[in-house]
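These are the structures, in structure tokens.
Presented sequentially are two complexes of chain A, the first with chain B as partner and the second with chain C.
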Partner chain A sequence: MKVNFVRMKSAVMPKQERERDTLHTPLLKVRNVSMAFGVLAVLKRVSFSVPRGNILVMIGPNGAGKTTLLKLISGLLPLQEGEIWFKQQRLSRIAPHRISSLGITQLFQDIQLFSNMSVIENVMVGCHLRAKTGFMRSGLRLPSARADEQSIFEVAMSKLSLVGLEQKALANPSSLSWGQQKLVGLARALATGAELLLLDEPYSGLLTDEVDKLNKLIFELQRQGITILIVEHLTDILMGIANQVIVLDYGEKIAEGTPAEIQQNKQVIDAYLGGGSLESERG
Partner chain B sequence: MNFSVALQILISGLNLGCIYAALGLGFFVVYSVTRVFNLAQGEFVMLGGMLTASFYTMGIPLIPSILLAVIITALAGAGLYRFIMYPARKSSGVTKVFLTVGFALAIEGIALRVWGWEFRSLPAFFNSPSIQLWEATIFGQTPWVIGVTLLMVIGLFFFFGRTIQGKALRACADEPLGARMMGISIERMALFSFILAAGLGAVVGALITPLTMTSYSVGWPLTIKGVLAAFVGGITRAEGVILGGLVFGMIEAITAGLIPGGYHNAIAPGILILVLLFRRHGLLVTAGRE
Partner chain C sequence: MLVGVKALKEIPRKVTSANLQSLAIALSAIVLLTIPLGAGPYPITVMVDMGFYTIITMGIILLMGFAGQISLGHAAFFGCGAYASGVLTTQYHLSPWLALFLAAIFTGGIATIIGRFMFRLRGLILAGVTLALNLVFFHLVSSLVGLTGGAMGMMNIPPLSLGGFTSQNLLFNYYLVWIIAILLLVFSLNLANSRAGRALRSMNVHAGGSEDAAQVLGIDIMKYKVWAFVLSAVYASIAGSIYAHYTRIIEPGTFFVPLSALVVIMAILGGMASPWGAFLGAGLIIGLRELLRESMPVLVGGVTGSYELIAYGIILVVALLFLPQGLISIVHKAVPKKRAIVNES
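The block that comes next holds the complex of A and B.
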């Protein structure tokens, strides 16, 4: 019913009103999402919403269900119970590549770069959604296809410049450091034109200066209007960049708020830090 | 061995090598995108040859006959993916291979029903005459086989290497999950790979019919030779497949030239099996790069 209502509304509302409505509606809404692998419940009625342009950080111990939730949003796992809405569209039974074309892209913990391609080719594949030419025109190398390829190359180079790796365009990803590979993965994800980036432990394995660089980049992306959902373990890094923090424990959302609120939340300190404090963990 | 015999063997080897390389490329295209070993590839070659010969016999000029054959065979490739491989996309690799075998047997049965047992042939393309080079004879069709194979190889390298759709196909083979996140439909790419492989197979079928003739039953021997060529060079790299085809063709031509009596049909695969024992990932592929 909800789907019909939203479609009907968008069909009859004047354009300006519709745009205002979009601005005030959260970009992503997760409602009562539950998930179980056999008898093991990994998510229990989790709900939250992410306003457009926010940086939401999701923390929780191992096995809390964070990565599972990301996979449900990106369509890599089928939704068993609950609802996920993106830009007022319900994401249900939609293939991952279609979800990507709607504007959601996930950067995996293990990056999954294409090892048989150069860095620039990896990012160009990210531009696949922008390609206007199909197999036939592409294969026949018609002028429109050549113009399309050139424009894709330029977009890919601009994304590489954004992450500071334009000098490595022709290198093979395997010749780059782990941190640089993560940046290539990020450039590739940005090349899809994503409005919502799902980053699964983007800081893992990074050196201190790489962490600073990634933080600056995330702020820049936020400035450009991209909404970012980060799953991480390293709470001290995240408290500085998050607008909104969600804490999961054994598949349940136990807290939600600003970083300052989360730092003072007794339930979070008990469940996530075992009675310590977020300050002491930093040390 | 005198010079003219050596030259004749070299020309035959090059001719056979191109045929096997082109066959292997059909396997490569499907395998590189879907990781499925399509044992129906030889049937696409058979269909290409039989359809071209049939259309040509009906009075349709050669090029339109080949085009029609390629279109119909490509549709058969699309059918194999859409109605057999796609519903079974979550099955194991072995199951998928057996499904392609089942499809191959079905196509062979249909071909027997439609065309009967008789062999069919075509004249050399545009009635190209044989060429005498020193004392060696180059059949009129041989330059066509070598030239068209070369064009197909260049076209494939260009398509996979330089176009965005080709890169998307390679991405599916390398990291399917990563490719999905880039908005690439793996299923669409897989469908295209089957269509492309079937089309390539049909071209090969039309090319070799003037040299070898064709019948409903030529698919399996061609499949086996294509498989060997692809494995010897390394199925994961196009260069490997081409090299494998050329090596296989040369070995077959040399053994046929030096040991008369049809033993080459056993000797060439035997040597290739020995090669595989020592380079089990193929001539151009190391274990780490597989």
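The block that comes next holds the complex of A and C.
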């Protein structure tokens, strides 16, 4: 679904709420968000918030509306009902590139690396917002454009280095394993300098050692102050890294709490696992 | 020379293939500058013609090959440059060089306005609108008799002149067209390997890009689509202005749909992955046209008429079938591939 985004001054949080919005209040607030594709309701009045620096994991079976919710936050789908607030700004009718410039980016389930570029160029695209060089300065290769390129390159290399793939900088993404491609996607997302990372099924298709590597990386990002919202259905992996878990089922939030609380929640076990245990779900 | 991991403090020239590009540009410039030496007027005239096509096709490659958008109406911008130059010099008596510059700005402005509305559309509808744009332009310049001369065309357009030479001199035109083509090539190559160029390539869904991924990385895809369109229109406008001052007479039929289609075919045949594709595509098609014009009467024995066009069409179809990525793909295969640094340290 495509919409024409109107460039409008986004709504700003009322003064009273703005004053309460300190460093300790949620970075992201989702309030009563509903979404339907035609007559099919995909999300039904979903509300939650993500505190700054937390790792929130959203689980639910296929078709629960998890990916749709991520796309609503990143602006790739238009918000039909409800409110999404990021810091002090309401994300309504704002184009995805502007939402990205506010500090939100997304790693897609299918990664969507640019196969027409090398690995380093992919990550350099992630640095787009870090420079201002336009067509003329780029085409004329003015000193300012060269300086921008150099600084973009250095940031991109540092992000590749963080995910341990600096040695693959000149490779084509298609020559990398699925797990390495996920890491390049993550490096590209980090290159934007986002404060909130939306990760759509980052663990799918990863080998055991790659899962461990990604876990360590996610903890490192959290240590650096980045807030992370992960959508997954491999619950046993996530229980170890989440600060907060939300469970969606048929577009409705059926539970929210710490991993331990969710693991004991009977409604979650019934709805999501059909009576099985959360630990044995993955197999 | 291999690049080690520890040496990666600066952008490796391998990322941009800068060494190879510089060499290729230098060699091309030398070849193009020496071609006229000892050549008669006819081959030089053909080469001037080829130069115009190369410049327009380069713009098409920026739009289609880089940004992944389509235009089947670029002859309108070629005509826009030609007519704007013609009107400014014949009716307002401006210097031809100033007219060339103002025509490019005017065409860029028109393209900006059209682009902002047009790129809300996609696919076949977008292609149809660009085609309609060419038709509108044709009928507009045919109708505005007082300004453009209508179907009879515009005459007595003053030539460009520089240092005692004018564009009535064939060699002057040759060097002017090809120097501009080389300068635009350098501009395009710089752009391709820059922040803006990467933004264009990232949203090209026909060549491994993704609009969604580009947007969540902060790229304003509408702005970049419009910019690519404007830039390609300005390339066509520059070619159009030089053409007007070279031929000194222009008429609407020159700027009609067949020219728009031809430059797209040149871009596809040359290869849309690189601005070099414009040189290859224009070179092959114009070269082929001239070769058939010379050889068909000998082969058929007598007047050839449409045989040339039939052979021309068949050769193009076969070339596209066997080289869907264009001639540039042969060059890319011949050049050693970039190797992962891991194997080079």
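Assume the second predicted complex is superposed on the first by the 259 of 283 C-alpha atoms of A that agree within 3 Å, B and C clash if a C-alpha of one lies under 4 Å from a C-alpha of the other, contacts with A are read in each partner's own complex, and residues count from 1 in each chain.
Criterion: a residue touches a chain if its C-beta (ideal position, glycine included) is under 8 Å from a C-beta of that chain, and two chains touch if they have at least 3 such contacts.
From a predicted model like this one, the values you see are computed outputs, not experimental measurements.
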Exercise. Kindly say whether there is room for both chain B and chain C on chain A in the superposition, answering fit or clash.
Key: clash
Quiz item: Who contacts more of chain A, chain B or chain C?
Solution: C
Quiz item: After lining up the shared chain so the two structures overlap, which partner does A:Ile237 touch, if you call chain B first and chain C second: first, second, both or neither?
Solution: neither
Exercise. State whether A:Leu199 touches chain B only (first), chain C only (second), both chains, or neither.
Key: neither
Practice problem: With the two complexes superposed on chain A, say which partner A:Ser74 touches: chain B (first), chain C (second), both, or neither. | Solution: both
Quiz item: Thinking of the overlay built on chain A, is A:Glu149 touched by chain B (first), by chain C (second), by both, or by neither?
Solution: both
Self-check item: First, second, both or neither for A:Ala255, with chain B first and chain C second
Solution: neither
Quiz item: Which chain A residues are contacted by chain C in one complex and by chain B in the other?
Solution: 74, 76, 95-98, 100-101, 105-106, 108, 112-117, 121, 124-129, 131, 133-135, 138-139, 141, 145, 148-149, 152, 188-189, 191-192
Exercise. Over in the complex, which chain B residues touch chain A? Could you list them?
Key: 155, 158-159, 162-168, 170-171, 173-175, 177-186, 192
Exercise. Report the residues of chain A in contact with chain B in the complex, numbered from low to high.
Key: 74, 76, 95-98, 100-101, 105-106, 108, 111-117, 121, 124-129, 131, 133-135, 138-139, 141, 145, 148-149, 152, 188-189, 191-192
Quiz item: What part of chain A is in contact with chain C in the complex they form?
Solution: 4, 74-76, 95-101, 104-106, 108, 112-118, 120-121, 124-129, 131, 133-135, 138-141, 145, 148-150, 152-154, 157, 166-171, 175, 188-189, 191-192
Quiz prompt | Interface residues, chain C side, partner chain A - complex | solution = 3, 5, 8-12, 14-15, 120, 187-188, 190-191, 194-199, 201-202, 204, 207-210, 212-221, 227, 231, 273, 338-342, 345
